[in-house]
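A single structure is presented below for examination.
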Amino acid sequence: MEVFFSLAKVVVAFVIILQLTLILLWVERKGSALIQDRVGANRANLFGGLLPFNLGIVNTWMADPLKLFHKEDIVPADADRFLHWLAPFVGIVPLFLTFAVIPFGDVLKVGGFTIDLVAAPIPASVLFVLAMASLAVYGVVIGGWASNSRWAFLGGVRGTAQMISYELALGLAIVSVVLTYGSLDLQAIARAQGALMWGVVPAWGVFYQPVALVLLFIAGMAESKRAPFDLPEAESELVAGFFTEYSGSKQSVFMMADFVEVAIVAALVTTLFFGGWQVPWLGREGFHFPGGLDIALPSLVVTLLQIGSFLLKLFIFCWVQILVRWSLPRMRYDHLMAFGWKRLLPIGLVNLVVTAVFVLAFEGWTVR
Amino acid sequence: MEPYAALLASFALCAVVAAILVCASWILGPRNPTATKLEVFETGNPSSGSLRGIRFPVKFYLVAIFFVVFDVEVVFLYPWAVVLRQLGWAGLVEMAVFVAILGAGLAYVWKAGALEWD
Amino acid sequence: MNVPVEFPLGLAAALFAIGAFGVVFRRSVIVVLMCVELMLNAVNVTFVALARELGAMAGQTAVFFVITVAAAEVAVGLAILLVAFSRRRTLDGDQFASLRG
Amino acid sequence: MIAFWVVALLAIAGALVVVLHRNPVYSALGLVLTLFQVAVIFALLEAPLLALLQVIVYAGAIVVLFLFVIMLLALEPEKRLAAPFPVAVAGLVLAGLLGFALAAASTVPLAGAGQGALPAGFGSPESLAASLFGAHLLPFELTSVLLLVAVVGAVVLARRRS
């Protein structure tokens, strides 16, 4: 029974991320169309166009993958065939795997079992996320090299340098949060955010670590290599950067990796700064409003509310990233590197020291 | 070991799905390669050649070195962040010395102009 | 999962031997550096295995320092290698017999 | 146990790729494979924190540095892989002896080994930090000097080159 629940959680976490990427692809198309005053994807239909309406999300959910899977898989003549295949594979597996440690709910109580709603509740899951993020570099660097094309290579090297530069700021932002909650476990951090400050405000990370939130959001967007940080794949300079020489499903895997990264950034922002699956004032037995009003709820309803809350927050922060992508122009490469090393890194260090002083000087500053 | 078994199951699932995704075109797609198709794509211009003999500015490499060094620094911060409350002010001082020395390193590379991209 | 301590130690011995062989066998300095990393990792495995066997955290702490030293070694080692390459246009270790710059 | 054997064989396979492959890029990827398996072994041996740090620092940073250098120098697969034949044989014998000696040494019983259960929280971040910032404080502070020297050295060397 235990094994069954474990496997079910694994599948649920995976399905969440897989579906989210496909939905995001559609949201991005329709969202960019909205911003640019176009109609956007509207051509999917069934039975040779006999339906009177188009199928909306089915465009990218079904039709697009199917179309891409039926394209020819072209490998350039001088390319290293094995590495050319390996690059998208190692690019996406660590990203998918990240979601195994993201908590998507508190606990589910079924028939005497209390199930922790995180697919793989390993200790130090914060570090696991970082480890997987640092492995994602390989898809870029191998993809750029294996194609044996100068432009793909330039895109790959640029991308790698950018990703490693912003990984430091990402790490420092996360250390500040770890310091605030005193734990390396994402589920423990999410649970700690259920407490209340002064009995009223939820103890979410955003109130303790606003600077770290900004750092993490910027660094995370730079990690995902999307505008305004899309220099590795700057269309007007480098064709499509490190995946210029990819076609068909391999190319779609690289595109998917972008969206998985968006989802990971959103999941980190949600879990570390916005309470994860927490609904304000909702405990395991129901709502406890600050005024003294209590509403008891069945455990299953509470769990569903929490999962819904997690998905909603996740989706909101994905949407914010899509908005940013379609609003801001691309940065210049020297500005990009200078910004990472000369601004974000020192700010992260200062924020860390200030946090440490706060943690020590004000005992009751954080909830533990 | 239970969490690790779940992680292993996750990994297996991810790897299988990723492999299917990556290979889908190879299985489902057509295959009629031509010489032009197999050239590297440079927006229709004649190819500027392979990677042979291409060398990069040393700056990219320096960035990677800085990353290695500061990444190790950040790695030391994680266990410290968990136990700072038990260590107290002494812990803060210990880490402040460590960070200050590496901060001097950052200041040095900054002043040396190794972070400039022109 | 209780692996007897002999198994990780045996694995470490194998890794160390392969690394040592590579250091002697390969000409390319960069691969030799990788082999040194292999040997360091073999040592790390023994540290962690014995730390568990003896119930002493000192072993795991030592791994921390080994990783740090490895990072510093690689950073400086590869920097030297770059300088050497730009002078001799080769990475063949046998060509670096003279250290005079 | 099965997990250990699979991991060990993969680790050795990766190590052999490092040593024997002509293309340095493959060598680096073989190194990643081995490092990753070593991380899994850390996790099996009650060191989950070290396992993750191993991946972050080694696979995420050090091997990326190797790959950068290989790619920046545009290294080609080597035409002559090996040292001269006698040297290769000598290396093989040496490595064999070394491996045999180490393996033999690992069967010697340890004083104070296997005293039953591990202390509570063994391998947790708390215990690691207690050891790192308690008994081993001086080496910890010295590593920062080491890293500082590495940064400065790298910058100085890179300037000499240009």
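The letters A, B, C and D name the chains in turn, as written, and every chain counts its residues from 1.
Following the convention adopted for this analysis, a contact is a pair of C-beta atoms (placed from the backbone, for glycine too) under 8 Å apart; a residue touches a chain by one contact, two chains touch by 3 or more.
What you are looking at is a predicted structure, and each value in this text was computed from that prediction instead of being measured.
A.B. asks: Is the C-beta contact count larger for C-D or for B-D?
C.D. replies: Result of the comparison of C-D and B-D: C-D.
A.B. asks: Which chain, with its centre taken as the mean C-alpha position, is closest to the global C-alpha centre?
C.D. replies: The most central chain here turns out to be B.
A.B. asks: Quick check: how many Å separate the C-alpha centres of chain C and chain D?
C.D. replies: A distance of 6 Å separates the two centres.
A.B. asks: Where the centres are mean C-alpha positions, what is the separation of chain B from chain D, in Å?
C.D. replies: 18
A.B. asks: Measuring from the mean C-alpha position of chain B to the mean C-alpha position of chain C, what distance in angstrom results?
C.D. replies: Chain B and chain C have C-alpha centres separated by 21 Å.
A.B. asks: So what's the Cα centroid distance for chain A and chain D, whole Å?
C.D. replies: Comparing mean C-alpha positions, chain D is 30 Å from chain A.
A.B. asks: Two or more other chains in contact with one residue: find those residues in chain A.
C.D. replies: Chain A, residues with two or more chain partners: 122-124, 127, 145, 153, 157, 160, 164, 167, 184.
A.B. asks: Can you list the residues of chain B that touch 2 or more other chains?
C.D. replies: Each of 4, 51, 54, 56, 58, 60-61, 64-69, 71-72, 75-76, 78, 82, 99 in chain B touches at least two other chains.
A.B. asks: By the touch rule stated above, which residues of chain C touch at least two different other chains?
C.D. replies: Residues 1, 64, 67-68, 71-72, 74-75, 78-79, 82.
A.B. asks: If every chain is a node and every touching pair an edge, decide which shape results: line, ring, star, complete or other.
C.D. replies: Per interface graph, the chains form some other shape.
A.B. asks: What's the complete list of touching chain pairs for this entry?
C.D. replies: All chain pairs meeting the touch criterion are A-B, A-D, B-C, B-D, C-D.
A.B. asks: Sort out for me which residues of chain B touch chain D in the complex.
C.D. replies: 4, 51-56, 58, 60-62, 64-69, 71-73, 75-76, 78-80, 82-83, 86-87, 91, 94, 97-99, 101-102, 104-105, 108-109, 112, 114
A.B. asks: What residues on chain D touch chain A, complex-wise?
C.D. replies: 25, 29, 32, 48-49, 52-53, 55-56, 59-61, 64, 67-68, 71-72, 124-125
A.B. asks: For the complex, give me every residue of chain D touching chain C.
C.D. replies: Contact set of chain D toward chain C: 1, 3-4, 8, 11-12, 15-16, 18-19, 24, 27-28, 31, 34-35, 38, 41-42, 44-47, 49-50, 53-54, 57-58, 61-62, 65-66, 69-70, 73, 75, 78, 80-83, 87-88, 90-92, 94-96, 98-100, 102-103, 105-107, 110, 112-115, 118-119, 122-123, 127-128, 130-132, 135-136, 139-140, 143, 146-147, 149-151, 153-154, 157-158, 160-161.
A.B. asks: For chain A, which residues count as touching chain B in their complex?
C.D. replies: The contact residues of chain A facing chain B are 2, 6-7, 9-11, 13-14, 18, 68-78, 85, 88-89, 92-93, 96-97, 100-101, 119-124, 126-127, 145, 147-153, 157, 160-161, 164-165, 167-168, 171-172, 175, 178-179, 182-184, 239, 244-245, 247-250, 252-253, 256, 333-334, 337-338, 341-342, 345-346, 349, 352-353, 356-357, 359-360, 368.
A.B. asks: Inside the complex, what are the residues of chain C that reach chain B?
C.D. replies: 1, 64, 67-68, 71-72, 74-75, 78-79, 82
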